[in-house]
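Down below are the structures I want you to see.
In what comes next, chain A is part of two complexes: it sits with chain B in the first one and with chain C in the second one.
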Partner chain A sequence: MRKYVLKRLAQVMVILFCILTILFVLFRLAPGDPVTRMVDPEMTPEESQHLIEQLGLDKPIWTQYLIYLKNCSTGQFGYSIHYGEPVAKVIWEKLPNTILLFTTAVLLSAMVGISWGKIAAWRKGKATDLVLTIAALVTHTLFLPWLALLLVWIFAYQLDWFPITGMVSDEVWLDPTAGFFTKAADVLYHMVLPLTTLFLIHFGSYLLVMRSSMLDTLKEDYIVLARAKGLKERDIRNKHAAPNAWLPVVTSVGLSLAFSINGGALTETVFSWPGIGRELVFAVSQNDYPLAQACFMLISTVVLMSNVVVDVLYAYLDPRIRY
Partner chain B sequence: MARHYKFACFTCKVVAAALLAVVLFGLAPASQAASNGMLKVGVLEEPKSLNLWLASDAWSNRVLSMIYQPLFVREPKDSKLVPWLAAGEPVYDAGKMTYTLKLRPAKWSDGTDFTAEDVVFTGKIIKEFKIPRQSSKFSFIEDIVAVDKHTVRFELKRPKAIFLTRTLTTPIVQKKQWEKVVAEARKSEKPLSALLRQAVDHPVGTGPFMLAQWKKGVFVYMKANPYFFGKGQVIEGYKMGPYIKGIIFKVFGTADAAVLALRKGSIDFYWNSIQAGYLDQLKGDSDIKLFVSKKSGLYYLGFNLRKAPFDDMALRQAVATIIDKEFIIKRILQGYGEVLYSVIPPGNTFYYNPDVPKYGYGMNHDQRIKKAYEILKAAGYSWEVPPVNGQGQVQKAKDIRLPDGDPMKEFVILTPPADYDPHRAMSGQLIQEWLRAMGMPAVSRPMAFGALIQKVKGQHDFDCFILGYGKLSLDPGYLRSFFHSAMNKANGWNMSGYESAAYDALATESNNAMDLNLRRKMIMELQKIVMTAVPYIPLYNPTIIEGVRVDRFTGWVQMLDGIGNIWSFCDIKPK
Partner chain C sequence: MQQATIKDLKAKRRALWRQRFMENWRVFMHNPLGRIGISLLIMFGLMAVCSYIPPMIDPMYHPMTGVDPKVVSSVGPSWQHWLGTDFMGRDIFSQLLAGARVAFLVGVSAAFMSVVLGTAVGMTAGYMGRFTDTALMRLADMIMVLPTLLVVLMLAALFGQLSIWMIVLMIALFRWPGVSRIIRAQTLSLKQRPFIDAARVSGASHLRIIFRHIMPNVLPLAFLYMTFRVTSAIVIEAGLAFLGFGDPGTVSWGMMLQWVWKTGHMFQAPYWLLPPGICISLITLSFYMLGRAMDEVLDPRLRDETQAG
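Now for the complex of A and B:
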């Protein structure tokens, strides 16, 4: 196992290096640069040129590449061109918000989706299966911004149960008497609508994967054996069938968890949630190379590492798998 | 394995219970804004930076304009420059080419005195570091001298008209706060870069508000500056506040959310132009008042005069005749905009020239076609099927030929994509159709903004383009930048490549003219020259529509570019 993990980690390093290079090339191939796109008549060509030199964008592309590799190897991703702050600081300010919302959403969707998928498979062909499967298909194919705006309009504007958007209430955060729990409750209160949106969009995919996997498992001989032994239906479902149907779902959840740090530009935009997804879109659209490269690097690293973790987890979940 | 299952079920139940608790018991307070003298302003983005020298986006400038103040500002009525941190008009000594200026007694938000040393320091660092967007305002200044604590003297190398309009409207920073930062930046190999990377967490300014708290990505809280120099004074007829305790800038990701928040009462003012699509619902809301203001904007079609057939003035004039700007305003801007005939918008009342050639003015579709046909025919163009037949009736034209008999090659009108600016993208489509009616093989092509700018400004690799400026300076110095031959270079502002010795001479002279009325005459003449040669066809200038709630605050001051201005924030009062 140790040998396998070390081998996988070595592969990850090689892939990361390739990604680093591809990212660098892609951003340099994209037309324009951060200075050219500042369309401000008050900016003279001489000022633009001076700024380009100061930002090091006038250096030969190979020199820029070597500086970039050196910075990445030391964990220094440089300064965001537009924020003027270290990239790590910009990302760190937004990343926890994204993790809080999106990772919670993935976990919640996965838990509910798996649980309902199991029930749907168990009651295949009955009304419960039909309702759950249709609900999963319908919600999974909804257009996220539309659903999000609909929820905001109904629950925030018409019913006034929740705030329009945002992550916190200024009234609470500017109140010197507000303690940790009040602030935490405030964040949770603001999370309800975005979380509901993400849940509705995502639970269906887990439900369908689990249902399909479970249906395959239910055809296995050991299920017939369990029935022949006279075990309770509930025990057969939960202790014999479900655990063996988990494997494909684990891959799906593992990757979703990894991608959850990517956030979602649409969700974050509609709910004014200050996360990494919007930053990523902003960085790419504004040619903020250091920020965009660092965001993609972070996502790549987490996804690659989570793949390794999922593979290792396979062996733990299924004792038949050995590396 | 059953352990995992039980754990999953348990976690699921805990999360569900927590969410239910929040919903049922309403742990958080109601989001309805209570006034308490605190103005809530909705914005679409938070500031990118509070480093004045780095910030170039409109959202940062909204916050920074409350903190850092210039010596002169535009007054609301006629947009004339009036003393702000300055105590009066500058005294010009033509012989020595110096301006001497008295300063108002004022304090910084940390309670220390604002002095001439701060003005000198600001000017000197702009020159030394060649700060983008600022250094051209100081490049013609030889020296800045603090004559005494409240008097400053600017010594000019040569006369420059923008001294009054742009140099004196530069925000002033506090020497005490910045001198350490500047000293550190000087030690760097790349001093400007080091200066721009300075984090300014607590900006010290002389403005009516000061930063109190910035919750990144969510809100910026500014409280009234107790040391604001204008407090209680009457400036331009306004008794200055601020009369409110503070401003909270709340970030909304979309206009949909911001408009809902305005209607719900979560914010008092949405500081952005509201799109026409929202107006019907807002007009029916008695708690909301809409302000429709003129803007200093210019949206235009530009030609590449470096290549045929766009180097032909007759063709450009014919294209200008065909374009129905009224139709663009009516159909695309839904009536919220004004037609432009000059490169200076009418809102700039002092410099706007209403007597420039107005191509197609007052004509209907057929009259435009006939007029354009007349211009092109006189210039030697021919058609396989002309746009006007022998009986003088307009018909669908086919295959226009250049004066040398060659068929006109397909050409492209580059526009920003619809998700960046639907107005420009749709205008491109309309213009394409109008040109095709004349037999011209035009194709409107949306292109990512960065790529478009690089093609047009950097590489000059284009035929035509539609671009615009949402907030042009009221100083018309940009006329020189846009059309002077010295700016016809890669990344220069003369994107069309227009060249005229007469224009160059007059543009340079106008930029050096210190007599305002003389300069005005020259600017009027420059507009005539440009609109005769038409390297740009000015299209439209959208109006700004802003919405405020009327139930909590009153006293908004409307001026060019809307009600989001320093006069409003110094004048509004809780009801």
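Now for the complex of A and C:
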């Protein structure tokens, strides 16, 4: 097991190295002068000279490549042109926000998808099954930014139940008397709409995978055996069938992670949620290359690491698998 | 004499193909998902064809350049403009029609390219095995986990505005791994069949075996995956356009949504906000349903299940 994890981590390292190299090559191939793209024009000559030396832009291309690899591995991605601050500082502030929204959304939709998929398979052909399957199909294919705009329009503008954008309200966070729970409640209140958007888009695919996998499981001999033993229907469903049907869902969580990250970036952008995905979109539109590059690397790292986690989880859930 | 036999065989083969096609068509149309999917797609196809008509009658309806001189801001539906106009007086209905054209263009061409690439890689990896297999599949694994939308966004950061064909090409280049995995698995099982051995013994080259003997057997599967790729390509293009990195020379549904959002009309102009989103969602749904119904045609196991239950 430990050997397997180490092997997977080594693979992640190799992939990240490849991505870094490709980005480096593409950056040199792209039109425009690397110096003007990496260095803020508003800096003083001394400052920009220092930055050019630090990034190695005055040295031959091979040295530049080595310096670039060294900087990336130590987390120094240069200075953001828009913020005028080290990129690492900017994105470290944003990372927890993305993780908070995204992890909650994936876990919530997977849990709901699994339990509803279980019910749909159990009542196959009945009205419950039909309603759940159709709901899953329809919500799963909705266009995410449009759904987000629609939710904002209905729940934030027409009904005025939730804030339109953002993650915190200033009056709560600037108030020195506000305790931790008030602040947490405020974040939660802002999180409802983005979370609903991501949930609606994602639970459908998990539901459909769980339903079909559960239908396969229900044909197994051990289900017949459980019935023959006279176990309660609920126990057969929850203890004998469902745990075995989870496995394909776990795989599909891993495989759809890239797709979910796309959705996460779109959601963050629509709701102005201060996360990495929005920062990447913003950086690209502002021509802030150092920031865009760092965001992209960070997102890739997170996706790759989560895939490792999913694979390890799979082995944990299925005792038959031994690496 | 021999000529006649060959002709006979060919005729028989054609008859067999026709029979199988009719049989599959029957199964396909038996499925409500297939029926709904295909009717929706026909509707979108008509929309795409009709997109050429309005600008021909009056340049005012040109989705990109046509501006109604009497309208200076976004107004609601009227007899003149069925779905209203956008912020500078362009007709929303004709934009919607033009969007169908772009969606088909992007979806079908990107899906076709990625499926061709994925099938070629999958067959090569499965058939050659050993080092080629490992190398190609590692590459596929690497590309598969990358979020395509953000990758294309990154390329836009590097190279500036991407044209619609560049976007199509990029989507194709990053969406093939899923196809190639499945085609590889199929090729691995085909490789063990006696007819491949027979072909090899009779002296067929690797290329001939791959293209004449393996390809016809994996094509139906590749075709099925194409329908799923179409949806993902349309959604990625729409997402990109929504974020403001689409081709400024085309009107896609994602672009229309971006205009609604960026010009701050999303609260005042539901007649403008709703149609493009409904169209993207419906076209995705219809391709998805088409794929599901085709799945059933190709996999009789699924078919029996639905008929029994």
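Rule of thumb we're sticking to: the second predicted complex is superposed on the first by the 269 of 323 C-alpha atoms of A that agree within 3 Å, B and C clash if a C-alpha of one lies under 4 Å from a C-alpha of the other, contacts with A are read in each partner's own complex, and residues count from 1 in each chain.
Here is the rule we go by: contacts are C-beta pairs under 8 Å (C-beta built on N, C-alpha and C of every residue); 3 or more make two chains touch, one makes a residue touch a chain.
Please read these numbers as outputs of a predicted model, since none were measured by experiment.
Asks: Can you tell me whether chain B or chain C touches more residues on chain A?
Replies: In the superposed model, B touches more residues of chain A.
Asks: Mind working out whether A:Leu174 is in touch with chain B, chain C, both or neither, as first, second, both or neither?
Replies: A:Leu174 sits against chain B, while chain C stays out of touch.
Asks: If you stack the two complexes on chain A, which partner ends up touching A:Leu215: first (chain B), second (chain C), both, or neither?
Replies: Second partner only.
Asks: With the two complexes superposed on chain A, say which partner A:Ser300 touches: chain B (first), chain C (second), both, or neither.
Replies: In the superposition, A:Ser300 touches chain C alone.
Asks: After the superposition on A, what does A:Leu149 contact: first (chain B), second (chain C), both or neither?
Replies: A:Leu149 sits against chain B and chain C alike.
Asks: Based on the superposed arrangement, let me know which partner A:Thr141 touches: chain B (first), chain C (second), both, or neither?
Replies: second
Asks: Which partner does A:Leu257 reach: the first (chain B), the second (chain C), both, or neither?
Replies: After superposition on chain A, A:Leu257 lies in contact with chain C alone.
Asks: Both chain B and chain C contact which residues of chain A?
Replies: Shared contact residues on chain A (touching chain B in one complex, chain C in the other): 30-31, 149, 152-153, 157, 269-270, 285, 287.
Asks: In the complex formed with chain C, which residues of chain A make contact?
Replies: 15, 18-19, 23, 26-27, 30-31, 124-125, 137-138, 140-147, 149-150, 152-153, 157, 215, 255, 257-259, 261-262, 265-266, 269-270, 277, 280-281, 283-285, 287, 289, 292-293, 296, 299-300, 303-304, 307
Asks: With touch defined as at the start, can you tell me which chain A residues reach chain B in the complex?
Replies: Those in contact with chain B are residues 30-33, 36-51, 53-56, 79, 82-85, 93-94, 97, 104, 107-108, 111-112, 114-115, 149, 152-153, 156-157, 160-174, 182, 185-186, 188-190, 192, 195, 238-239, 242-244, 246, 268-275, 278, 285, 287, 317.
Asks: Name, in rising order, each residue of chain B that touches chain A in their complex.
Replies: That would be residues 1-2, 4-5, 8-9, 11-12, 15, 18-19, 22-23, 26-34, 40, 46, 48-49, 51, 54, 56-57, 130, 132-133, 135-136, 166, 190-193, 196-199, 213, 215-219, 221, 248, 250-254, 256-257, 260-261, 263-264, 266, 448-451, 453-455, 457-458, 467, 469, 472-473, 478, 481-482, 487, 489, 491-493 of chain B.
Asks: Mind listing the chain C positions that touch chain A in their complex?
Replies: It is residues 142, 144-150, 153-160, 231-232, 235-236, 238-239, 242-245, 254, 257, 260-261, 266-267, 270, 273, 276-277, 280-281, 284-285, 288-289, 305, 309 of chain C that touch chain A.
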